[in-house]
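I've put the structures underneath this note.
What follows is subunit A paired twice: with subunit B in the first complex and subunit C in the second.
Moving on to the complex of A and B:
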């Protein structure tokens, strides 16, 4: 039986392992045949920012290609691809006001702009909701 | 669906946002008809203190127009029908049990939290 699960995340990219943990839970949910909603709030709206770019790492002694630096927008693209491959739905909503104050409106395909009301509606229609606030 | 917002992290970006982000989120959800409760824990119990104020930030020639007023924001949430609770032990260890607290505040001992959680089908921790 398919259940829809909603996740609310707040941490900005490259700051906290909570984000990776949440992404792994989302992946597991999609793999298990569930639909996933994401409400990105505050700094988390920069996670799907399209202009994130990989870089070389002199400390590691690797150029850009060899370093293959992880980018949250690429992880999110991978989650969208996984959802499509499994015939599931991934609905990613970026808090619009949070986007505006950070100037990160240029998001990857699939991300839509919304409000806390979208979060509430997604939660009401979901089997459960998991929140991960910034600490 | 009744949802309990459990707020522990306090004064998170309150200067930049001119409010607390989760209290603000709660206002937005309440305005959309959401049925919420707000449980203040840890440092967030300070939000129940009514007589608090943060001076407006000034940086060089820039002056903030509206500093956050967390006590007023939480009181406004209570006035909209959102029950506000605070953990008694968290108030006590901060010396706030005798402070002027939000009139509508319900002080809840830790031992009674499970009973409170049972009243809410959803519990969100922030």
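Moving on to the complex of A and C:
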């Protein structure tokens, strides 16, 4: 049965593998036909920052293409694409104050600005909620 | 009074105690807190809940056959279902046949499924 699942994440990009694990759970939820809400708080608001850029790796002698550096914004774009392909909803809310603190207001398409009240509303209206706080 | 769930099995509507899925991403060789998490899993199981421990990232390292992971075996003996993320196993070169007896490789879709089934899921 289709339900809505809410996820809260806090870790900044390029910091913690738990973020990737949360992305994998979100992907699995969408693949299973569920709608997904995401509330990004603190450093996690930089995950969908549109200006993240891949880079070369001179130490390893690789150019940008060969390095193929993974970017969180690309993974999030893939989640949005998956939701659209499956006819499901992915609602991504970035905490606005956290965005302003970090100057990461330029987010990829689909990301909206909100407050922790949105997280509360998402949780109340969801079948279940999973939080991955910082350690 | 809560009714005990069948050892290792889900607690589907058998009682009013919640079912728990605990996600562990660290190994006890690196972090002492993992031992406390395993004690939590055993405690919840003994309180009558069905408990799944989902090992992911470096959390899969102690489930290699031959690893010194007594606490993990204590959890299995208590009836905690221990699952190891198949992707994390592959990343670390641990074959499914290298996993300790009782631990079952599983895809991460298990977590989404248990969330949808209203289990209490905690990322430890």
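Just so it is clear, the second predicted complex is superposed on the first by the 135 of 135 C-alpha atoms of A that agree within 3 Å, B and C clash if a C-alpha of one lies under 4 Å from a C-alpha of the other, contacts with A are read in each partner's own complex, and residues count from 1 in each chain.
Note that in this section a contact is a pair of C-beta atoms (placed from the backbone, for glycine too) under 8 Å apart; a residue touches a chain by one contact, two chains touch by 3 or more.
Keep in mind it's a predicted model, so treat the numbers as computed, not measured.
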Partner chain(s) touched by A:115 [first = subunit B, second = subunit C, both, neither]: first
Contacts of A:52 with subunit B and subunit C, given as first, second, both or neither: neither
First, second, both or neither for A:94, with subunit B first and subunit C second: neither
Contacts of A:123 with subunit B and subunit C, given as first, second, both or neither: first
Partner chain in contact with A:18 - subunit B first, subunit C second, else both or neither: second
First, second, both or neither for A:37, with subunit B first and subunit C second: neither
Touching partner for A:134 - first (subunit B), second (subunit C), both, neither: first
Where subunit A meets both subunit C and subunit B, residue numbers: 128, 131
Residues of subunit B defined as touching subunit A within the complex: 1, 3, 8-9, 12-13, 21-22, 25, 28-29, 32, 34, 122, 124-126
Contact footprint of subunit B on subunit A as seen in their complex: 8, 10, 41-42, 115-117, 119-121, 123-124, 128-129, 131, 133-135
Subunit A partner contacts - residues on subunit C that touch it in the complex: 23, 25, 56-57, 87, 107-109, 111-113, 115-116, 118-119, 121-123
Subunit C partner contacts - residues on subunit A that touch it in the complex: 1, 3, 5, 17-18, 21-22, 24-25, 28-29, 31-32, 34, 127-128, 130-132
